[in-house]
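Pasting a structure here, questions to come.
Order as written gives the chain letters A, B, C and D; numbering starts at 1 within each chain.
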Amino acid sequence: MCRWLAYSGSPILLEELLYKPTHSLIDQSLHSRLGVETTNGDGFGVGWYTENGEPPARFRGVGPAWNDQNLRELGRSVRSPLFLAHIRASTGSPVQQSNSHPFRHERWLWLHNGMIRDFAAMRRDLTLAVDSSLFPFIGGSTDSELMFYLALTFGLREEPIAAVEKMAGFVEAVGEYHGVIDPLQMTLATTDGERLWAFRYSSTRVSRSLYYSTDLDTLRAMYPDNANLRRLSDGTRIVVSEPLVDLAGAWQPVPEGSYGIIQEGSDTLGAFQPRIP
Amino acid sequence: MCRWLAYSGSPILLEELLYKPTHSLIDQSLHSRLGVETTNGDGFGVGWYTENGEPPARFRGVGPAWNDQNLRELGRSVRSPLFLAHIRASTGSPVQQSNSHPFRHERWLWLHNGMIRDFAAMRRDLTLAVDSSLFPFIGGSTDSELMFYLALTFGLREEPIAAVEKMAGFVEAVGEYHGVIDPLQMTLATTDGERLWAFRYSSTRVSRSLYYSTDLDTLRAMYPDNANLRRLSDGTRIVVSEPLVDLAGAWQPVPEGSYGIIQEGSDTLGAFQPRIP
Amino acid sequence: MCRWLAYSGSPILLEELLYKPTHSLIDQSLHSRLGVETTNGDGFGVGWYTENGEPPARFRGVGPAWNDQNLRELGRSVRSPLFLAHIRASTGSPVQQSNSHPFRHERWLWLHNGMIRDFAAMRRDLTLAVDSSLFPFIGGSTDSELMFYLALTFGLREEPIAAVEKMAGFVEAVGEYHGVIDPLQMTLATTDGERLWAFRYSSTRVSRSLYYSTDLDTLRAMYPDNANLRRLSDGTRIVVSEPLVDLAGAWQPVPEGSYGIIQEGSDTLGAFQPRIP
Amino acid sequence: MCRWLAYSGSPILLEELLYKPTHSLIDQSLHSRLGVETTNGDGFGVGWYTENGEPPARFRGVGPAWNDQNLRELGRSVRSPLFLAHIRASTGSPVQQSNSHPFRHERWLWLHNGMIRDFAAMRRDLTLAVDSSLFPFIGGSTDSELMFYLALTFGLREEPIAAVEKMAGFVEAVGEYHGVIDPLQMTLATTDGERLWAFRYSSTRVSRSLYYSTDLDTLRAMYPDNANLRRLSDGTRIVVSEPLVDLAGAWQPVPEGSYGIIQEGSDTLGAFQPRIP
């Protein structure tokens, strides 16, 4: 199990979310409150877009985030309008850079908290379903990355919601075939650098925690003196495994079995329904 | 702050203490109960002697112990009658192999839990007091290693108890000079491969937890059916930051401000008194 | 491309081959003479059996072997009658522990120098051919490990020579299907802890260098004053990517397209012939 | 021994010098032509300034530069008008992040190729000479970092040339005291984010190689069709351990026993003369 965050909005230094909040992601690496594990020390990663339209860059480590000096340096020197960050608590796959999130394919980034239950038993069937043109890009050995390549196989780049629903449906079908009860547990974020999709779903319908930040107009009205809120543009939004600060009214739970889209214009929330590909 | 253990007795596989007990040292790396920090993920180390009289060997890592595959392999392949193991929670010094315990000089090993308060301010004066013949062997940048080289400077190889008392007295004197209140906090273990010394002391007289195992005769009488206890020789003894198993009567707290010697014949416990070198 | 060695004979400390010879394996990590690359700094590993019949233990690293302190410590404390060691120069797969040789399955170890050409294109078909009971044990992403699991699929545990010939034949067939010219380049060693098999083969019939040590009777007659040779038992044998010392007559090239078996009784050399599984 | 480069001029992506030239710094990590060692695989580092006037940021690793994925990502996402990069071949100090160049103090960066001969013997006296206000900032155990703190002690921030001359003179005096012949071997670069100083000196007067790029006006006249040269501003200058590309006339050796200053206006070259502090 892991913790993650996704940010979209006014360009900010990574450290604004990774280090500075009371209950920042780095703090969560040692003291997660809502995670299945309190410690998330099995590697970490951050992927970010810049304003010049380049493909996203990544920095991924294999040690704990809390003692990584390079991440700290990066946090205070990289400014981004759209980034994902992840701290890992391995559920079995080795701790190695190729297993650290976010995963990347072309302009897409992907990160995951949760697991495919009994992954060892299901891994072969899931692997074989990855399109042969995508297969060579599988770099690591996690369930999370495989979910990404399955979603790409099922059309992530064309119809993201449907593709993730097909991925989930496929995982559940393979699980059923192998007699695995409640095979899927996930919160997900993925982005193409323009829009950001977040998902919360699990076979048991009791998914890992996920929150999104209240829209800024509302927040500014609630906290007229908060300078941080004034600096951010209207569309700025954060999605997190658990709240970064204790600010009443600032965080809304993503409903069980749903997805959200963060995009120019108005954000969207909808019901998530696994389907057979 | 850190957690550690020291073992002396019948040769056993390292994994018998590192992995197998309910609350093994590896379990403590994620879930310490008595430590100042619950997580000890900033490196680890083990130093061991063999029955053939060679100088001790070491294995030290910079990641968390809980996910280190090499340590697991070592645990099931190295058998030793005398070994020290340590899991680190850095109090500021970098996470690097040269800062992982145990430290070694000739046939001696040394490990420490605790800290020298305001070490940055005191480090120079402490460093200058290390004998010039020993200075080149300082490999890392921790307070713990410096305490070792100070103890060596003050005669660890000749009179271990007195040397550690001088080291503690010197640290407190330098602390006083720099206006540092209660500068020393320590539990220590050191060994020359024959005897094992353990220390529990702090300037505040409220030291970190330390326990030693009850003598085996007594334990066997209490638990006549315990096969593990029957396998071990009479003189076998374990010193630990916190109990490895919940076995009533098996662990005795090392009294505040005291030292213990584990040796052939009968073990010794005495009062620890810092002194000016 | 990589360098490796395999040892079978009188129990010796690992350092006797890893560090002490003039042109030891560690020296080859910086200054290989016969390798395609002079530097082999992309990880390393050693796997060893002990005399007590336990499954083999491993130590694998991701940095260069030449500056690894833990390997040095291990070298002077582990004694083994049968061990494999490997230094890696990646041909593209990530540098991570799960890609460091030797690979292990049950009591078997496996290491490889060479490559499957255009592996990215062929990887999916090769992966699908691994038996579903073995698939979950694939831990890394190298061609070398996949060759191991293919050989296991084709019967390595029952008929080692035939299984490796089938693996090679299968790789060449898949290569042909994908239009890859001369897909296979390999020197291999594998062992079950009793016998040791070495292979030298490539599609081009110009394989990477491989040598075995002359039998000890002959060597002792040639060098009656050499104390090292006197200490070793008659059956002692070393297989290496390149000679460890410049001792005239000590090293015999493994012929192109052949295999050798090192075993109790007399060793065997035979022709290697890829075959369709 | 090591290899390094320093860049000052039009903001460019780090990869323009780290990866793209035929004989880039990353290429030199495997295949140095002019270094004492052909392989520089014992860690690396890059320190850079941005145009917004922040203190410099750093990225430092402990593995070889050639296989570091994070460095590659950084190379294509960080743009800087002034940066230093270094690849290390350890002369004995441990391979750890705190020993990777460039070293940093406040706004200053520092990197070094060369060595203090018999450093173990001289280290204590050199350490004691560091000003007590600077002592706590010594983070690693290299001769190179100690030279930096000695230079800072002797006034680097006020009179850079004189301070480095005093540092060199002091090292030579301490060497003489300890009977070390020709104690100092160095090429150095240091910068405060505005100006860049480079030094080439050794006690033997046969120093490691060092080159600076020919001024751009001259180069453009020589190569009127070279698009790369047209993109760069007039004051752009590179200092390197060895040429990055084979472009006749592009590289000038820094004379033995001299320093250069790269700065707004005209650059300066002068004689370097160690002096007693």
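Worth a mention:
Basically, contacts are C-beta pairs under 8 Å (C-beta built on N, C-alpha and C of every residue); 3 or more make two chains touch, one makes a residue touch a chain.
Nothing here was measured: the structure is a model prediction, and the numbers come from that model.
Contacts with chain A and chain D are shared by B, C.
Centroids built from CA atoms put chain D at 41 Å from chain B.
For chain B, the set of residues that touch two or more other chains comprises 69, 94, 97.
Taken pairwise by the contact criterion, the protein chains are fully connected, each one touching every other.
Listed in rising order, the residues of chain B touching chain D in the complex are 94, 96-98, 120-121, 123-124, 127-128, 132, 135-136, 138-141. Only residues 30, 38-39, 41-42, 62-64, 66-67, 69, 90, 94-95 of chain A touch chain B when the two sit together in their complex.
Put simply, chain C touches chain B in their complex at residues 50, 54, 57-61, 69-70, 73-74, 76-78, 97.
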